[in-house]
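Each structure below appears as structure tokens.
Each of the next two complexes has subunit A plus one other chain: subunit B in the first, subunit C in the second.
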Partner chain A sequence: MNELIYFFNYVVVAGSVTGCIYAIGAVGVTLIYSILRFAHFAHADMMTLGTLAVLLLTLAFPHAGDPLGLPTAIVMLPVAMAFTSLVAVGIDRAFYQPLRSHGVKPIVMVIASLGVTLMLQGLIRLFAGTGSQNLYVDARKEIFRIDVPGVTRPIILTEPQVILFVITIVAVVGLHLFLTRARLGKAMRAMSDNPDLARASGINTRLIITLTWVIAGSLATIAGTLLSLDVAFKPDLSFFLLLPIFAAAIVGGVGHPYGAIAGGFLVGFAETLAVFNWSVLLRPLRDSLPTWLELPSNLALVGTEYKIVVPFFILVAVLIWRPTGIFKGKVI
Partner chain B sequence: MTAPSPQRPASSATSTRHALPIRELALFGGLALVVLTVFATMGPAYSTRMLVEASCYAILALGLTIQWGYAGQFNAGIMGFVALGGFSATFFSIPVNHAFWASDLPGRLGWVLLAMVVVTAIVFGISRLDRIGVPKLLRTILAIVAGLVGYLVVISWLRSVTGDIESQVEFIGGLGLPVWLGWIVGGALAGGVGYFIGHICLGLRSDYLVIATLGIAEIIKAFLKNSDWLTRGTATISPLPWPVPDPGEVGFLTARALYLSVTVVMIAVIFFLLHRAYHAPWGRMIRAIRDNEVSAAAMGKSINRRRQEIFVFGCILMGIGGAVLTSFNGLFDPQGYLPLNHTFLVLVMVILGGPGNNLGTLFGAVLVYVIWIMSGPMALAVMHAIVALGSHWFDWQPGNLDSRALQARVFVIGLLILLVLRFAPRGLIPEKVAHHN
Partner chain C sequence: MPLLEAVDVHGGYGGMNILNGVNMTIEADEIGVIVGPNGAGKSTMLKAVFGLLTITQGEIRLRGKPITNLSPHKLVEMGMGFVPQEKNIFPSLSVEENLEMGAFLKPATVSRLKAQIYEFFPPLLEKRRQPAGELSGGQRQMVAMGRALMNEPSVLLLDEPTAGLSPRYMNEIFERVKTINAAGVGVLMVEQNAKQALRIAHKGFVLAAGQNRFSDTGEALLNDPQVAKSFLGG
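Moving on to the complex of A and B:
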């Protein structure tokens, strides 16, 4: 049983945490894709930017969360979301809008988003340096230990992980209700289906584009902050986050928000399972194994340093066998 | 994708031909002036080094210009191909590690490699079992199980062998062969990786190629950084031999000038070949595919084959350029390959100079590299001035100033990309599209 609890702590919990973060990130990417038709590479840096805003606010008011009993970073999240959305809309107006009105190819938009990535990276590192910082300023992470009867090892959950699960569920349900019930959400889906038809039937496409950036910026802030709460704020993660997030979006079918959520969890669990040392689970069997079969001490599929290989191979496999993704994305 | 790109308006200025290419002459004259100013202020040894590095970057930029300019494929993983070329140059040129070859380790490594081949063959064989009547589902399951088990067995052997190599002889050393052989193999390696990526992505949307190349670059870097048995990892390898006499033998200036002459000859050869290819029927076909894929396909051109060809070709140039650059630096440090320095700088060179125009690309490479090298000290000076003001007015005291000032250059590169895309999408020396009326 101890091994199972170990498996639960190091695979189920860790995989869900990574999966939630990738899922929220991938939803943002896929929404931008379905409305604006290009792969937005600056998304990972928008996550970092949002987190930086949270960090700065937390540093400024370290005890704002105490009355509510929540970490200050969570209390500051809405403010940071508003700020990041504003920046995202501003970037769109300043850089993407002119290119769009020139009618450039999607790949040029991709290059422009790489330019935006670099600008954001430069700004972020100019203000935050390159070292990692903890979002828990003047506070401690609470750790919950749940004892399972008959087993010595407890199930371990930390406070940020619990918050992460709650916020992910709220965000996903909120997004679902927005897309299916609200007028603007329906307009958004119409525009992702057929922009020309949407415009002809009187939908304000400019407003929809602005709204897309607001949602994308907010989701990016949530994902970045939750990731940083769980580990720490690292300004130079961006290229390592991009690949899993894009892999998640493509696995789920590009332009398909629910697919992106599934893809995020798939990629997150695949990463966790690949770096998990399976020999721990086989240890109880060791005595009953024949003598010629000696188990090596390290049965992980890939070392932690090669974690980035996992999303890459998922991406390659999907592109080879099912380029539309699991849930049939719209466009290839 | 279907709308014709307004980037290349039909009424381009190419119909009015000047007797003298005034624009090119003026730009290259200005560039020569800039380089001469650097020579006058920074001294000849430093400036020659800058020119050698700029010429290595020019090879990289020529590689990107055929991918992006000729064929409209964007490669965001130049860093990976550069690192691969650099590794090959290092591996071939550094002296042989006799301790490694005298031990039993080469044999064990050989057995592991053999096992790898055998496992691959077995898995491949199982994946073809359906030809002899095994149900497809069963075949898939068998292939996956066999692949997983075989992979785990091989990887655990490999881990034990590489662990022994690291603990007993540090790393496997080089081959002690001439450098140019490493350069050629570096190009071939990069081309091989390019073939693999291109094979997967080129039939799909162009965005996927960007993601895949970005990913493969990080993977190559992670592999080189963590394979201590192969590359010494973060311990770095130096010095690397040069194909020309070392600075120790003939002095810095002469040695660098000799190296420069080697790179210039290489560029001249590449430039000549590209020029011929561009104006040949092959070049026209590539441009036709770029500008109107549907009609090119209707004319019976094999789109994916041609794209594959040009992608691999560009990757080979990047591998060679990276090998030459690494040899010149004299240090193989996997962590020294950065997306900014080895991917985005090259991108700026190409889109600023003029994608699809070889001359423009060369111009962009030298200009951007000179600006890049000079911007380091300039950024530091500006940062110091700002901080002096800041501490005077607001009592602002940021730490690790120098690294932050260098980060400011990242911002400038990003801004430059956006400004060029917005205001000069065809570059300073645009591609000349020939019109035949």
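Moving on to the complex of A and C:
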């Protein structure tokens, strides 16, 4: 039983955490693609930027969350979301909009977004330095231990993980309701389907584009902050997030928000399962194994330090065998 | 005052002129039909009216007001509806959502107009929750026309509404166009099925090489031996 709890803690919990982060990030990438038709490489840096905003606000008001009993970073999240949305809209107006009005090819937009990536990374390092910093400033991370009867090992959940699950559910349900019920949400799907007809229907496409950046910027801030809250803020966060997020968006079928969510969890769990030490689960069987077969102490598919190859592998596999993804999305 | 008036319209794409002086006039209660051989500039003329290409010379007026080179967005606000020949629906949106998008500028009227459209195109009512992309060609055309009608246009532009449809649906669409017109909407449409279209037309415009070759009432064009010989296949 101890082994099952170990599996739960290190696969189910850890996989869900990674899955949630990737899912929220991939939804942003997919939304931007479906409205603006280009792969926005600076998305992961928008996550870092949003998290940096949370960090700076938390450093400035370290006890703002105390009266509410929440980590200060969570209380600062809405402010940082607004800030990042504003920056995202600003970046669009300054860099992408002029290119769009010239009617450039999507690849030019992609290259422009690489430029924005470099710019944002430089700015982030300017303010945050290069080391990692804890988002729990002057506070302690709460850890919940849930005892399962008859088992010595408890199920372990940390406060940021619980918050992450709650916020992910709220964000996904909220996005679903927005896209299917709200007038502007439906217009967003309409523009993704057929931009010319959307214009011919009198839909204000500029407003939809602005809205897309606001949603993408907010979601990026949520994902980056929740990840950093669980681990720590790193200025090079985007480097480790970009590939899995794009893998998730492509696996799910580019342009499908629900596909991106599914893809996020798929990539998250694949990563977690690949680095999981399967030897632990086999330990109870050790006595019944033939003597010549010795159980190695580490039986993981890839070492933790090579975790990044998993999304890369998934990406390559999907692009070869099913380039439209699970939900038959567009081909980038 | 005529509803829609085009005077000596020249224009095209990227500096190459396709329209070399097109004239047409339709009144508020009329159906105007543009016919002509392939490459005559029929669809181009319709797009020029809807502001989708640059008019280099001439003028278009809606109820006497010049609308030359106004943006489609502006024209929709002024009461113009446009149904393109292809890609005229939002395929992943449900039928109902397609209609709602048509009334994007008038959210308050959505439920009233939706009920009217379902009454007008009964097959759409039972399919209203289905993605429009899954419907048959004729039903898609109904969705496309329904979407444009949701904005309560005073003039409706239709680009080959019967292209690729079976004869049964073709007749049904022509009947619907007549009914729409009878309800007080001016219609300007481009048609390949020239004979059938001219039968319901008050005005017909035969274009060739980007110019009017013949302009008359639909009936007169049908009975004109010269038009019949050159453009209606004898």
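Annotations
In the analysis below, the second predicted complex is superposed on the first by the 329 of 332 C-alpha atoms of A that agree within 3 Å, B and C clash if a C-alpha of one lies under 4 Å from a C-alpha of the other, contacts with A are read in each partner's own complex, and residues count from 1 in each chain.
Definition applied: a residue touches a chain if its C-beta (ideal position, glycine included) is under 8 Å from a C-beta of that chain, and two chains touch if they have at least 3 such contacts.
Nothing here was measured: the structure is a model prediction, and the numbers come from that model.
In the overlay built on the shared chain, the residue A:A112 is in contact with subunit B alone; subunit C does not reach it.
Shared-chain residue A:A53: touches no atom of subunit B or subunit C.
Applying the stated contact rule after C-alpha superposition, one finds that A:D196 touches subunit C and leaves subunit B untouched. Among subunit B and subunit C, the chain that touches a larger number of residues in subunit A is B.
When the shared chain is aligned, no partner comes close enough to touch A:A216: not subunit B, not subunit C. Of the two partner chains, neither subunit B nor subunit C is touched by A:I167.
Once the two complexes are overlaid on the shared chain, A:I21 sits clear of subunit B and of subunit C alike. In the superposition on chain A, A:R183 contacts subunit C only, with no contact to subunit B.
Counting contacts by the rule stated earlier, no residue of subunit A appears in both its interface with subunit B and its interface with subunit C. Per the touch definition, subunit C reaches subunit A in the complex via residues 50, 72-73, 76-77, 82, 84, 87-93, 97-98, 100-102, 104-105, 107, 147, 151.
Chain contact summary for the complex, subunit A toward subunit B: residues 38-39, 41, 95, 98-99, 102-108, 110-112, 114-123, 125-126, 129-130, 239-240, 242-243, 246-247, 250, 296, 298-299, 301, 303, 305-306, 308-309, 311-312, 315-316, 319-320, 323, 331-332. Interface of subunit B with subunit A (complex): residues 1, 3, 5-7, 72, 74, 76, 151-152, 155-156, 159, 200-201, 204-208, 210-212, 214-216, 218-219, 222-223, 225-226, 339-340, 344, 347, 351, 399-400, 403-404, 407-418, 421-422, 425. Here subunit A touches subunit C in the complex through residues 183, 186-187, 189-190, 192-194, 196-204, going by the rule given at the top.
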